[in-house]
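Written below as structure tokens is the structure these notes are about.
Naming follows writing order (A, B, C and D), and every chain is counted from residue 1.
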């Protein structure tokens, strides 16, 4: 109201813009109606001012009146009609008013007051800025003072108590977990759904502020060092997890022989698991544990589903929280879900059979499921970009490169988790058996040394071991290498000459094979030794047809003659009984002509073989004994 | 992916099924096992006259490569091969304004499929618009991709089971491609060659 | 040595021939015209005869020159340093010394030569029965490990083998640094994936080119499965803990012979196929192709 | 193993069962160069599996058309257009041959453009094949950019380059100062529910980029 309107203001031709939408269209204010504009203009009239003028006028008139009054007062004494004049005047006034009232009543032209919207006042910007600055400054001071106060109390509280702020905790939680706000509650999700899991069970948890009832017990005003509160690292945040995800779970995998105490495993829920979760656990550990429970549940659920669906020759059994699959005849793979709820406080001692728990297989189960998850989300992108989403690069190329049926079939082949874990378990057992057989033979058989080298590289279902049979001190003379491939259900042995032997899962077969190779090794080694000694190998056979029938394999033999040809050694080696050595002299040192053998030359035909008692001979091992034997027979005695 | 030799088997006054039966007996005696059936079919499209000089598109399917449609475009001057996804047939339908199919030349070879070691043997009865035309024997040696390397080996195999009527020289199509890497489209070329021959020939042995 | 003597002999005989022919010329000249020249044109006949003789002499001379030029000039006198002056010794009792010296020198020279030959022969046919040496002097020499070798050594070995065979391509990758896995493509015939453990071959998988490079998946083709088995056998055969580089080299040499896997017939039966397989065995020494049943 | 059926029979059977994805649902839009980073950032937040960064692509597209000249007054000129695309950045990928049919804008309620599309991978002889078939190259360009996926939806953000020389990759110059953004799903016909998902997704990219149904016919009139 500080300005006066002496200029007439006209409305702009354009209508005012009420609002500009995001797409740029402008919405105009509808133009004012006549009465509205009248009201608007009327509102601009400063009535007070005119009244002021009136008042001034009146004042001046009053002044003049008072002048006149004083004049009147002065004149009243001299003018006697004064009272008549005033009466006339007042009656004129009355009549005038009456006439006005009558005119208004008759013609109905009177003023109506309407409320009119005040137009925003345009003030000088600088003034406004100063004003606002001052106002803001005032507000800021208030806020700063308040903040200072809060900070003080905060630091004091922090000094007094170890509790963290709820919001900071929430921030930390948000950095690691998925959270969302639903009305007044904060809901989190710990399921593996975002990483490709298709398990139906939800993994929601609720985040709440820790209850306040604890706070009064430790008011910040009364810091009690050594009190019961600081001993408990309290969190301002509480996560509540659905009961089915509480506790600790793990997947137990064990391989066991037939009919071993099956029920005892079933009874105990608590294994060698980590200590049970207590309600005071930190939320991070709590959530991780719950997530692990969910994962184990999904894994077990998946395996159980597959176990029911798979058509195995010996059907898989799913009983309660346990899946039983026959891996090899007599050997079972048992996969169990062990889940202990937090309410179950008492610790039970793990049964002794738990020691068989196979951590490697458990790990690979976890790995397999994670692989499934990964595959569910990581689909390859097509190149070029217009290609369809979904098919792998290999499948995309199958058309143009004309992949055949076999390749296309291979692409569609997938193995279930259970199949894969059964295969791994089979291989695991095969490997264990092979190891055992090789180690026991190496322990039993001392004469040729048996060393086995396991490959450094192997796959979960395939490994390889190299076996060297050699004799101590004669390793440069002869060495028999063997390669054994350990598969899922079978063994394959490859010799240096390219012979391949396929064996089943029975460890006895491998044992027999190694024994056969040991006996053949002895014969080959004797011949190689003879060569270095200057002896001549007359003949050999790996599969001797003569002699007693062997319980396993065939005996092998060879004949050696001395450099001069007057001594012959025969060696026969049986897989079970070991080597036998016989010696023949020709000619015999003493010759007596008889009627049948008249001349000495016939004695060269060879004489009687006589057995050598090897066990009585000097020498570290068989080859050493043979070397000594040959050496003694070569001498010109 | 291996090298394939396609050869006609002389009918020798026997009907098609008899020939197939004789060959099946022989191959089974060698120790082969039957692994389903096979089918190679060929449809020919020609360009409409408005499109300028005449071009022919042969569209072939081979059940050995079920995800692939092979097409050979003959312009007179050259032949351009193309291998695509199965949806190419759909495209040919869309192109029916420009390329029309000649139904009477629809040819196919179908019959039993045998596997023996690394060999794959197919005994096909050829029909052109459902008229019997002859017998085609396909032998594939899968591990090898260079025809020159394994031609002798294949010849030995073919003669071992077709007898004297086995081929003594490589198929004409392969003769100047012996050193190149063999690909499934080469098999298709051989089939097309035989199909065109059968189409031209009058119906020999009309017994189906 | 043998060749030198031969050449020397031929040169000597050439000189002999030359001499006898020269002698013929002089004979003919000294005899002059003889009765067998007849009457008519006897001069011209004589001249003709002489000319013929001279051309043969010429030819012989050329032969001699050729033979001589083929000869390697003898390696001069033994340079015995200052001892050569011994030969100029005038004192009676010392004059024999030089002869003896030369003789003993020749003798030691021969000993050296023979012992070298003998050493080679003995090295090839070792009488050693064990690789282990028990002598205390050698124990100090640390055994080099074949399992744990610096990667550069293996790298060098692989590149040197790569250079050896032009039709074999090597691709190396190292999932584990000291144990490379290499892919060996043998022409267009096959490829092998070979895993090393240090300097020793630990695993071989043979496959067709179109198949995956998975170390553990078997080939879908029988022939390559058979070749894989044979490769394992050869790996056993060539295994040599003392000379690991040689083992790898000889294995690769043997493996290289598979480039004729499909094209070469069996050495024994002459056929390509036996039980629908080509000759999958390569002899370990002669590298000749055989069928599994024919070897 | 049963006898293999005729390939055409099985194809028509597949057509009947409606399992061939031959409908493309499409929304298009564009974004200026300076805001593309923001868009990519938002897409990384919205799409699946972008932990390893967005997948980039660099493709070369050739547009062919097969046409018969106007022979009579009664027969209209028929045009049949095909697109061939190949990846320049990734080796051993097939060429992609594409037939795109007439697009249906539909009424206002339909959230996306639907057009029939036949999409197939093919061998590298396709360019020769089409040329000899009688096709003409209408135009060619290079598209370089990023792609994302969200469920079945594919989102490409690409910059279009003019072909400079005869060889791809020689000299390329961008056609405009903005990136083309496409949201598409290839599905068998009749799966209109996906269109609604696309609309919701497109909504989330507003106002950075407005993905809309673009009517090419109208664009043609403007130009």
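Throughout what follows, contacts are C-beta pairs under 8 Å (C-beta built on N, C-alpha and C of every residue); 3 or more make two chains touch, one makes a residue touch a chain.
Here the structure is a predicted model, which means the values were calculated and not measured.
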item	value
Chain whose Cα centroid lies nearest the overall Cα centroid	A
Contact-richer chain pair [A-D vs B-C]	A-D
CA centroid of chain B to CA centroid of chain D, Å	36
CA centroid of chain B to CA centroid of chain C, Å	53
Separation of mean Cα positions, chain C and chain A [Å, integer]	62
Multi-partner residues of chain C (each touching 2 or more other chains)	none
Multi-chain contact sites of chain B, meaning residues that touch two or more partners	1, 63, 66, 69, 83-86
Where chain D touches two or more other chains, by residue	119-123
Chain pairs in mutual contact under the definition given at the outset	A-B, A-C, A-D, B-C, B-D
Residue ranges of chain C touching chain B (in the complex, touch as defined)	188-190, 208-210, 221-224, 262-263, 265, 271-273, 275-278
Contact set on chain D toward chain B in their complex	1-8, 11, 15, 20, 22, 66, 68-69, 71, 78, 80, 97, 99, 118-123, 125-126, 128-129, 132-134
Chain A residues within the chain C interface of the complex	406, 455-457, 459, 461-462, 464, 466, 473-477, 481-483, 492, 494-500, 529, 532
Contacting residues of chain C [partner chain A, same complex]	125-132, 176, 179, 181, 195, 197, 202-203, 215-216, 220, 229-230, 232-237, 239, 281, 292, 295
Complex contacts: residues of chain B adjacent to chain D	35-39, 41, 43, 47-48, 50-52, 55, 57, 61, 63, 66, 69, 71, 73, 75, 78, 80-91, 94-95, 97-98, 108, 110
